[in-house]
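Listed next: structures, encoded as structure tokens.
Look for subunit A in each of the two complexes below; its partner is subunit B in the first and subunit C in the second.
Let's look at the complex of A and B:
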């Protein structure tokens, strides 16, 4: 494996690594011509709909499908009895029924399916299904689920999906050495990924008894491993092709309509299309775990942290989804990027009758980050230090260990990042005559009255790639041949382009490694090996790494071919501008001439360095592949009389190892920051006794252009020698740190605790004082 | 579901009379949301956008007559001088795309207490021109709202136009939302001063089952405002006005906000908007 930054990054191939070529899918997306999974069509197809539970917790006494089945135009009505294979699936535990068997555990759980020749017919028939429920009390308090042994068990093995402790040193004796102690209880509401393209896809029955699935997902091969057993089919009879994905952010890691559509297709022998509407989408995917967290930090008078304790309770809702690994992140990153010699963390992920929660950008690290950063601000106040100073004093660095004992063995320039942020200019005064610049915006609630400005900071530490011993490798197939007289490269992977720009980057890598400008990206499908998930900020690293290795293999064969033909040493050859160049003799031959009719194709896997699990008692272990830092400064104007606010400025410093595509990279940092802003000030799924109160974009608010300020970015490149090109995953870190920075700025403006996000107007106007 | 697209007002009235339950649609910014969420399955939609006369506004003496399909964008760009309160409210509606489609008459037809047009229409004493095959009538805005999403419209009637007196003094509007654009009102408030008549109008949105006046606050202000002075507004007058506006509200707790917060916010908005209106008046 090539380590570090290779020399050829500066190569002249247009559109290579380090440049920002146009996205291959960009024009079609901007002009509305891109086909998303909801646009799929088959002339013969039927429409599938899903009957869902209205109750968060109920026993199913009976299901009568007679009237629905008798409806004209209806081809199938299916329940759990019709699941051809295993009736349960799950990302980490097989605990979620394909269709509810005898119990429903959350509002919106799938109970029955209908296929009909028109979506309206299917919906009408769905309403004819009679489900006799015995309604049960829902368990909705995650702390009770975690700690009360008397709480009713929602699953056979109890309500605790995972309890992960972290134990370092001796907290009681450290406590006696602390000059200041700060405690806090923090809460995070349930955030939704709010992708714009709802769950949808097409299942086409195959002549061999198998099924072809066209779906929008994040990880086709794990879908396949979950789908095939439920359908009672071998994996090779379930052929998956990625359809246009309208955003993901973690919500497409779990299955939604995949098995349902395939079941209906196999049952009817007809292609089946399922498209959720926005409301159903809120019930049809997992959300970010809400959290209740209790923290204590002790420090000496000089600002050094001597211990920290944390109890983190993550509400996993009705089914496990990825709760196990979310808990692992919350525990291992529970005290953040700080050197803390004595640690007691207990992170719990629990079952409740709330909606299932799973992966979302930041994945367990977001929740902890809001709490430990709030604690840093409390420490700074107690110690009368600048918030950046307390962070700087305790900052990790290369060679230091995080709470798991894992030594950070690659660059971690946190102190430099803090210093750069401190020196970043503050925003210039805006025209306060334009209400768009003020809290409330166009709603015209203030012309300056009641407005106070606050400044806050946040630092986040995120693991990149999968952790805890998981080998999340990626596979790439690269083919080089002459097409129309020119050398052309085809890159084929199963990696999901979910909007992040992976297809652009794959092309850039192929251009750089093979010196060929013409690169096509084959549709992602399961006809090539596993690429792993488009999550954990890992695809540039992993699929980027696989494409690079496959290109290198193709290049090696080319060099061998040339070495034999021209009798030159293979190690003195290079590729540039579609030509083969020898160190001594200069240009040897054009690639097209060398190849002739021959195609060179190579498939390679890329594995990151191995990691270990967490010790079940102490939490210790080298569990993470790579760690990434981002730091934010937020400037927020708060109308303290109305509790409305305007985030005026967000400045971020992030270390990305190496910039591969600056435009894409900046988009990731902007987007992650905006999603963190949403969590800080508006995005929350509101629940009442386990029921969703706002399953729509009318009342689940995400930031608009008037809520998100222009950003200043300071991007550092401190290469990681373990990673392809030295890159550091960059999709998530900014999501962690923007939320606590904004909360801190609100705190600074109001003097309030701000111990819950999202911050609501009444939290500012009528704060509940603890 | 049938889709009826009349090209004349008479055809529209006939369609409305002959298809009970048919829903009129102009911009569709409310109607289509309800249909998409499957909350409503009317037998037919009557699309009013092909009726040319509804798409215009006219200055009719001292009043502006706004056709039923005039968009918010038109109100903002063409009527801000005559109807500043309504234009301010229109500016807070949705996104540019929604303002291009949505109409004030549609706001009235939906009758939601959160509709942004209601407070300025109340504060300015607008009149709603409604008609059916049986004839036309003019409904004062005060009598138009009869309950949550219920109005004085008879099942066979359509809104033809809204007549709003042209402003003779300062008008203001403010709305609380938890996002700085594109948000449904948590609560909203409009105030209109008429120095010629020495009259004050108010309108409250999302503060009660229907949009409503703050009658006591209006009466108080008529007497308390130093109409002949060009001095700044006495602080206690704005404060008292805010209290009386808040007292007129009977809000609820819901997914968008708490009742206590709404009451508080109404008093703050009343105080501030009156202050801005008074500054405009005394500096004029």
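Let's look at the complex of A and C:
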């Protein structure tokens, strides 16, 4: 087991693991030269657009494409009848039509496609398509979908995508031992990933009848497995290359324009570009599952939790997407990072006629975290304990079990994290002399009158990598050769760089393992094996692990070569500064001289340790690969007269195992924290009878630089011996904990329940009391 | 219609422009200057920010025809290309202010405007100035670092 720099590497190489070298794509990104999927251009290309359903639920009686097809400049108008292969796709269930067949199940569902020589021509022709709908009542209440057998079934197999119970101990008898009991009903609104680079890409028809796709996605190989059958093509005839990705956050795990552009390209024989605008983007990808959650916790007078129950209903919308796994996370992490001896959880994911929901940063865990952390604050109040104390008393630790019975077998320093957060300095009192520091800012709504400050805490527990028995792996190909007289490394994977800095880390790992400074990262494509998804905080672990392993294989061959040539034992060799060094005789040879014209290339897969499924009745099992903790303290000023607020400070403590690149790591924690702030106080897709009321950046608000407070980080390194370099995935945990911390701070400032996020001004000014 | 534009100091001509096309569309789709990004088309996100006669503007809200006869500077016109970054560009890379980078071109123009206009802006000034540029990846902390770094390097260099 290797943690840190390998022993056979005499000195660390510049830009290696543990340092923060510049991003290899940084210069192109700051000069405008980096090509995103929406920047692609091809001679002779046409523009594709998508006609979408205006109704959340309707039967399609007929589609008339005649007038659209007759429009000058239009090259194709396609409907479900033109889908060359299987008409349905999906991440986990093949339930979503490529183009609506006879029913639409959500507003914005794709119905027809148009290709034309100018995007405006295509849009105008699209409006000439006449669809005759029989409008049906939408089913929009997820609780009804979950529990009412009389509710109309939206799919053949009913409306419950997954029901996952968790049963531990004996809740009824534990209830009798509880000195205090707290209950709550919590609700979380529908959040959008709101990446800045809209869905887009280019499909180029191939001479072999196949198609080349240049798209922004999170997992090319799973795209390929979904796309090829719809096109009626073998997978090798669908060649994918990752173009520049303008953020992802889960929204690019499902297909958007991929099959559509490929269909139009195959039909017209011309390259097709599709670019969604912002409004279409809101309809064109899945969102975070809204949730309705009912919780009950009982504790003894000394603060120990004796039982917890939870009913979590997650609204999956019209199609399954990743609802199955979202339910798995919500159930297995449903009581969070606490030791709870008796548990009853029922987590449901259901179909409705709301927009489809799927992956977003922290999925399933984010929803539960807001509820169980709100419960912790209620317990603290009932028990007259400090909110951090009730958490500390019940905190998990290495050797303890979570609700699934899985024993945490690597460091889980929650108590230390709590203690460090308790000691973190607080911000100064508000300076009422400068309105920019007050709720409302330069809108000049207060000079300090009516402003109250609150402090709140949140702890989140997130699973890292894929869970529940999935054989999760990544593949890396590493090539070492002499280029221009110097040793150079080329790293090739299919892993999606979505902004997180994976391209930087791949280079760092190659430098550390091979002692070579010159490293290039090949464009990610499907000409190399599956790398899995850029999600679940898994790529440093998984693709990092694969690159490390492939480098080690290259190094072994290098040592073998040198051992034969110089007659020295291979196990006494090391690499440093582009030279091979022997333990006894010092520098043996420069790598460039040893290699000559020879290239050494190795491909390796990295699989994480196996996990098990959840028992369908009790939810028990060792389902998670790795668990990660983050804890936040929020300080919020609330203008209780107007309901405006300002988050003044967010301080986080996170255990990351080992820091591989501090600058990238901090960026992940900051970014996750910001998305958690958005969910707490501003971000919500507003729905009325299944229809979106705010599909634009004018009406769907994400945090600006004015909304974000200074973020202080305290990063712990308690290495996980199972993970490459001891790392712990770090992209998601901060998204969990910042939301409940901010909600708690608002509660502290106002004395209100705050049982729904995002918190809106009227929730503060005109709270509903129950 | 035919359109003559001055962009980054050079003359450009585009033919067959539909009058409804925005400056952003013409830059990106007709003139091959794809650095300015389209993320909202409503002037909310700032990803398409360019200089119009020296003043930052959302190019998605400017009809291309309106830009004729005016000086347009895009992200491609900031600094001297990949080998000669402007201090603001350099600082964005050094400070880790770039993740996915989709907001970056607009932020480079906005931050360039701030740093060129002021000496060392306070955090409050930076926040007010950049409030029209949305970033979804960074939480803005490293963007603040980058602007502070660029301003202090510029002060040191006395430029």
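We adopt the following convention: the second predicted complex is superposed on the first by the 756 of 770 C-alpha atoms of A that agree within 3 Å, B and C clash if a C-alpha of one lies under 4 Å from a C-alpha of the other, contacts with A are read in each partner's own complex, and residues count from 1 in each chain.
The rule is simple: a contact is a pair of C-beta atoms (placed from the backbone, for glycine too) under 8 Å apart; a residue touches a chain by one contact, two chains touch by 3 or more.
All values derive from a computational prediction rather than experimental measurement.
Chemist: May I ask you to decide whether A:704 touches subunit B, subunit C, both, or neither, giving the answer as first, second, both or neither?
Modeler: Once the two structures are laid over each other on A, A:704 reaches both partners.
Chemist: With the two structures laid over each other on chain A, which partner does A:22 touch: subunit B (first), subunit C (second), both, or neither?
Modeler: A:22: touches subunit C, not subunit B.
Chemist: Examine A:564 and indicate which partner it touches, taking first as subunit B and second as subunit C; both and neither are also allowed.
Modeler: So A:564 meets neither subunit B nor subunit C here.
Chemist: Tell me the contact category for A:436 with respect to subunit B and subunit C: first, second, both or neither.
Modeler: Touch partners of A:436: subunit B and subunit C.
Chemist: Who touches more of subunit A, subunit B or subunit C?
Modeler: Of subunit B and subunit C, more residues of subunit A lie in contact with C.
Chemist: Examine A:696 and indicate which partner it touches, taking first as subunit B and second as subunit C; both and neither are also allowed.
Modeler: both
Chemist: Give one of first, second, both or neither to describe whether A:644 is in contact with subunit B, with subunit C, with both, or with none.
Modeler: After superposing on A, A:644 lies in contact with subunit B but is clear of subunit C.
Chemist: Of the partners subunit B and subunit C, which touch A:444 in the superposed model: first, second, both, neither?
Modeler: first
Chemist: Contacts for A:663 in the overlay, against subunit B (first) and subunit C (second): which applies, first, second, both or neither?
Modeler: In the superposed model, A:663 contacts subunit C only, not subunit B.
Chemist: Touching A:277, do we find subunit B (first), subunit C (second), both, or neither?
Modeler: In the superposition, A:277 contacts both subunit B and subunit C.
Chemist: Identify the overlap between the subunit B-contacting and the subunit C-contacting residues of subunit A.
Modeler: Residues common to the subunit A contacts of subunit C and of subunit B are 277-278, 436, 442, 696, 698, 703-706, listed in rising order.
Chemist: What residues on subunit A touch subunit B, complex-wise?
Modeler: It comes out as residues 123, 277-279, 436, 439-447, 449-450, 641-644, 646, 681-682, 686, 693-694, 696, 698-699, 701, 703-707, 760-762, 765-766.
Chemist: For a test of understanding, state which residues of subunit C touch subunit A in their complex under the given definition.
Modeler: Where subunit C meets subunit A, its residues are 18, 20, 28-29, 32-42, 44-45, 47, 74-76, 78-79, 81-82, 85, 89, 92-96, 98-105, 108, 124, 126-128, 130-144.
Chemist: Contact residues on subunit A for subunit C in the complex?
Modeler: Checking each residue of subunit A against subunit C gives 20, 22-23, 25-36, 38-39, 41, 118, 120, 193-198, 244-249, 275, 277-278, 434, 436-437, 442, 498-501, 663-664, 666-667, 670-675, 696-698, 702-706, 708, 710-711.
Chemist: Which subunit B residues qualify as touching subunit A in the complex?
Modeler: 33, 36-38, 88, 91-92, 95, 172-184, 186, 255-258, 260-261, 264-265, 268-269, 272, 275-276
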